[in-house]
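This report refers to the structure that appears directly beneath it.
For clarity, chains are labelled A, B, C, D and E in written order, and residue numbers in each chain start from 1.
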Amino acid sequence: MARLRSRAQLRMSALFLAATLAVPACGGGGSKEAKDAKPSNTVLQNKGSDTMVNVAQVWAEEYRKVAPNVEVEVSGGGSGVGIAALLKGAVDLANASRDIKPSEAEQASKNTGKSPVGFNVGADALAVYVHKDNPMSEITLVQLTDLYAEGGKVTRWSELGITIPGVKDDTIVRVSRQSSSGTYEFFREHALGNRDFRLGSRDLNGSKEVVELVGTTPTAIGYSGMGYATADVKMLKVAPKAGAPAVAPTIAAVHDKSYPLARSLHVYTLGQPEGAVKAYIDWILSPAGQKVVEDAGYVPVAAAGNATGALATEAPAPGAPPAPAAPQPKP
Amino acid sequence: MSAEPHAIETRGLSLWYGSFQALFDVSTDIRSGIITSLIGPSGCGKTTLLRCFNRVNERYGNVRTAGEIRILGESIYDPDVSLIELRKAVGMVFQRPNPLPISVYENVVFGLRVHTPRTDLKRSVLDEAVEKALTEVGLWKDLKDRLKTKATGLLLEQQQKLCLARLLPLKPEVILMDEPASALDVGGTRAIEELMFELAGKYTIVIVTHNMAQARRASDECIFMLMGKVVEHARTEDLFLNPQNPKTAEYIEGRYA
Amino acid sequence: MTESATHAPASPVKEIEVSDLRLAYGGKEVIHGISFNVHRNEILAVIGPAQSGKTSMLRCLNRTIDFTASASVSGCVKVGGQDVRAMKDVFALRRRIGMVAPLPTGLPLSIYDNVAFAPRCSGVTRKADLEPVVEKCLRQAALWDEVKDRLDSLGTALSGGQQQRLTIARALSHQPEILCLDEFSIAIDPVTTMRIEDVLKELREEITIILVTNLTQQARRLSDRTMFLLEGDIVEIDATDVIYSGESKSEKTRGYVSGMFG
Amino acid sequence: MAGRFAKTPHIARKEIAESVARSVFGLMSAAMIVPLVLIVGYLVVLAWPALSLEFLLDVPKRGMTDGGIWPAFVGTLYLVGISLLVSTPIGVLAAIYLNEYAKDNWFNRLVNLAVINLAGVPSIVHALFGLGAFVYAARFGYSILSASLTLAIMTLPVIIASTREALASVPMAFREACWNVGATRWQTVRAVVLPNSISGILTGVILQVSRAAGETAPVMFTGAVFFKAVQRGDLFPYGLGDQCMALSMHLYTLATQVPNVKEALPYATAVVLLGSVLLVNATAIVLRIWLRNRKKW
Amino acid sequence: MSSVPSPIRIARAERSRAAVLAEKALEALIRLSGVSAILFVAAIFFFVLKEAAPVLFSEGFSLGQFLFSTEWYPTSANNVRYGTFALTVGTLSVTALAMLIAVPFGLGAAIYLSEFCKPRLRETLKVVIELLSAIPSVVWGFVGLTVMSKLIVNATGAPVGVNVLNGGIILALMSVPVIVSIGEDALKAVPDSFREAGVALGATRWQLVYRVLLPAARNGLLAAVLLGVGRAVGETMAVLMATGHAVHIPGSLLDSVRTLTANIAAELGEAPSGSDHYRVLFLTGTLLFLITLVVNLTADFVVRGIRRK
């Protein structure tokens, strides 16, 4: 007769609570066990440039097929963030769409006693995009400065002599990137001559967002990696100055450095890479890794290297064998 | 005052809250111009019956009634009856004083504002109504300088009188009172009872009380209810001194609350 | 309370001594310094109209008034000779005073657990110890016969009258020396009221009872002495026979008892 | 014949005003159903081509332009689960304190204010806090642990509020009955209050789940990554110190970063996120109604 | 104590020491958890301010510029400027528009739910509102970015659909549930006796609402609006995706703006920790924390105003 309702209730509730709590708990605990079951699993942390994040992601995805016991965590954030994290030893590999600054290298050796080592893993052309209905086909860096830079005066397409069909208000919708991305800094340095941007542009958070906005806005202009092109936009030819021939962002133009907004893409490590990191970089530089770069719409380093050899020397990589001869990674 | 001998007549009135039946076949006549009290133990249906008279119990969704109620000779369940007009004629005072959270003045004229088109409400009409109503309930002297203060800050006793006063400008025929003194102390109770005596004759008053002593003191007729049925309806003296029904006798002896 | 305090008919043992008890809620005084004693094994009825401070007074006895933040108490209440406000173990005090509230409150536990609740709280956990207590208390509250076959069912599922008796059984389960009933019949039917009144008459043999009621006739039927409390003051406290004889000292008492006001 | 209580023209006008008010307010309420239905409907329609069990179980492929969302889904489970593990006990105990123990004094008013404010702190500030406190100061780094702790603190007020509500719905009479027989506060809480408010507590826990699952900003800066390679359907891909993908951030990524993604993919991700959150909420609602109907008093 | 022999008396047991101690320990834990909210709020303020503080004293930073300049150049190569005024205006404009939409709808719906609606319908609507409030902000942002921006471009002919209008509508939809549920609570808190009094005097529901309930629930409704504002000011992901993110004082509803919250979300990931930029973002966070603190305290104060009466 002494069946205790209160006890029974408490027990039931406790059970439920335990159950709710146990699921994730098992998850946490279980993951350790799962890890133990495959003891050789290595986690590589890879962080940095947003331009490269998609390539880096495919690298991680593909490398998993080659070396199933290596997990690569990829995060974006921007070149500066990747390098900053590298300098603290927080990540194994930093992606950067710009060169490491001397001050940064200095800080690295101060922090960790090691100096950063860079690998040239590909190249990119920063394309200037307009809507596909925009009759414009080429632009000069001077025009870009007038458009984008602080103190620039151009606000309407008519001022550039352009009439966009079916548009009443031809105010230029400037599309840019948020102020700390490598793309933003590169554009500022190479297109605007280090002058600041004029405020009021739409500073979007992703390269894709830029292209999409340009693709849906007939009066827009924007810049982004050439890999982001879609059917709704067109890439302008860019001339270094008025009168000079305008060059389209093509692989060839990147190779011969005739495109003014070309840049190389780097992966940095702290000190000479060893073990899994080295294997990963070797694989990135191998044809398989470089195919990823090409598929993503960028310029593979092998081709660039073969063409001129110029890009490859930009960041001397003592440990890195020349790409074509890269040893196959050991799975 | 109405000419009808009976202010309220019910015929075969039954009421259900959902599936629970609270009133069983109540047929009773309440005479005009006197104080009638409804007594009985808690849960006997006296408050429910009272709330039928101005149909205020229909605020709670699941109420169903059968039977008939005639007030001043008019069936109040007729389809063309406007609840608003009904409630103008049948005023109600509640267990806890519930002045509205607005000024004393606005409390008294609330009914007028609700029932008369704005254009007919001259300031002088309102002022006059306030003075008249507050005088009638004996609050004018205390409150005439504080007409703009919030009514919810008054003493409980004053609040309850105010609740009565705000019915008067509408010139109701019947005033229903639901345990009007249960939240008051002895002095407040006495004051309300005295007020009832003064108003009786001008209005028909029906009061629910759980306090037998009060029923005995303050009413002309008593209706004793038990389990949703009317057990006995008689002149107060007769009911207390010479109850016809043994259950009534038990109750007034204080066997149960 | 000492061992020597045996039954002396001449001078009754003071189970509770209240002196100059004052109680205020947020500055508004509702009990204005009352003093009275409760004798062992008597039934003291406390009558008075609503708002007179009857319930508040009871709550001062077992210090459940402590749960009302705005209340401030002064004066002295002694139970069994000990000042309740000086007691460290207030739970032990409450176990010495059984309290029955106006509205029947079966706890949402089984009938068995309702009664066994208090002993369990004080550390009795063995079934063999609990079962006799449960049975005894339910019998005392005149509920045993109705529920003995369904001790597992919920206390809250009983009828109002049964729940009120369950409440009494629960109040008895920690073997109190004093039982306080606060308008216990307010929400129950006459038949149950009469049964509980019979229960009280029997319990009087064992414990001290304080019966707060607004039914003057109930007080008259049951109590040895009656205290008339009006607006926070004791108007009169005397033998019940005297109070109801129509010859009590105070006119107010006579008026109240005969229904002139309240 | 017009009865004594028949409508006057004045009343008729008032009644018209009333029905106008009723319709206007009714339409305003209805206006809230419309966006919910439209948004859910629109998302589902666009997501339809991609929605399948395989989408849930598969990993992102070809630079996230294809494949499924498994690592993000399971990452969200991790974050939510661990944050729940932390916030439930603290939240429930805090609610017990506030409802059962706290006296009405300045200190406890302060505690109340703190709870209210904690609920009002913008999620991005929680993100800053998580970054400053857990990632850097506590040296947990960017990890599931940091992100979960941030989420836990962020969702604590949800649990506290609903638990308090549940506790407060237990009638005072029960407590008084317990105190009257000499039960201590905790005995009262344990025997009567907790068992009868368990439904409300569960509701709070479930709401916490839905809130935590949907948050983006706090995890973006404390432990969520753009991508992590995980096996299809792997239930335990992460450790406490790892970073993970999260569904909410994955949606953000797909919407703003990944080029040439299959059109239906971000919509399908949104539908899975929205669907899980609404499902969890609906569970809470159903549970609440069910338990309320079998209340024992 | 038990000097009087009694037939029902059995030996009184004492609770075991362990049980008493366990209870004490548990109560200590309960108290600790109880005050944890204070600790957390303090910790949030402390850590956010701690990361922000060094910049306050660094060279080239001026608080005046931070608050009142519109020039936001956190990474400029030659002239770094941290002016958040345009961001503040962005936040205010989006919030104001959101409130303009959400307050009438929210309060109207609250009135409908609490006064006009049948219980069944009320339950249904409350479920809808609860579900609406459960939609994650990133989903709202996604909707703003995809659905709403197209609608706005089609409806207004604006060149870009991500702007004040878009953010305002999305934020309105997000804060309406808050306003409705708290507003309904405020109306429900008005004692039923007031309604009963009004009804018994023959008032229609609408008269009841505007003559009695609105004055009586005024403070609670104000608090509901304030909490709606708090929600709107603090919202991050939705405005990040829906407002177009331009540092710009808006001249019309169709201009793009950037809000304080979105600015942090966009740049925090890329600001190397310890840099001035990073610290200024934390300083913005401190500012946001203080704003919402004030809003919430005011709301609480306003609500407690009615309770005291």
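One rule holds for everything that comes next: a contact is a pair of C-beta atoms (placed from the backbone, for glycine too) under 8 Å apart; a residue touches a chain by one contact, two chains touch by 3 or more.
Keep in mind that what you see is a predicted model, and the values were worked out from it rather than measured.
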Give me the step distance from chain B to chain D, shortest route via touching chains only. 1
Between the pairs B-C and B-E, the one where more C-beta pairs touch: B-E
The chain whose C-alpha centroid lies farthest from that of chain B is chain A
Which chain's mean C-alpha position is the greatest distance from chain C's? A
Using mean CA coordinates as chain centres, what's the gap between chain A and chain B in Å? 80
For chain A and chain E, let me know how many angstrom lie between their CA-based centres, rounded off. 35
When centres are defined as mean Cα positions, the distance from chain A to chain D in whole Å is 33
Using the average of all C-alpha atoms in each chain as its centre, how far is it in Å between chain C and chain D? 48
Where in chain E do residues touch at least two different other chains? 204, 207, 269, 273
Among the residues of chain D, pick out those that touch two or more other chains and give their numbers. 14, 184, 187, 191-192, 195, 255-256
Which chain C residues touch at least two other chains? 95, 109, 121-122, 154
In their complex, what parts of chain B are in touch with chain D? 72-74, 76, 78, 80-82, 84-86, 89, 114-117
So, in the complex, the side of chain E touching chain C is made of residues 1-4, 6-10, 12-16, 19
Touching chain E in the complex: which residues of chain B? 54, 56, 59, 61, 83-88, 91-92, 94, 96, 98-102, 110-111, 113-115, 152, 163, 166-167, 170
The chain E residues in contact with chain A across the complex are 70-79, 86, 149-150, 153, 157, 159-162, 240, 244-248, 256, 258, 266-267, 269-273, 275, 277
Quick one: which bits of chain D touch chain B in the complex? Just the residue numbers, please. 2-8, 10-11, 13-14
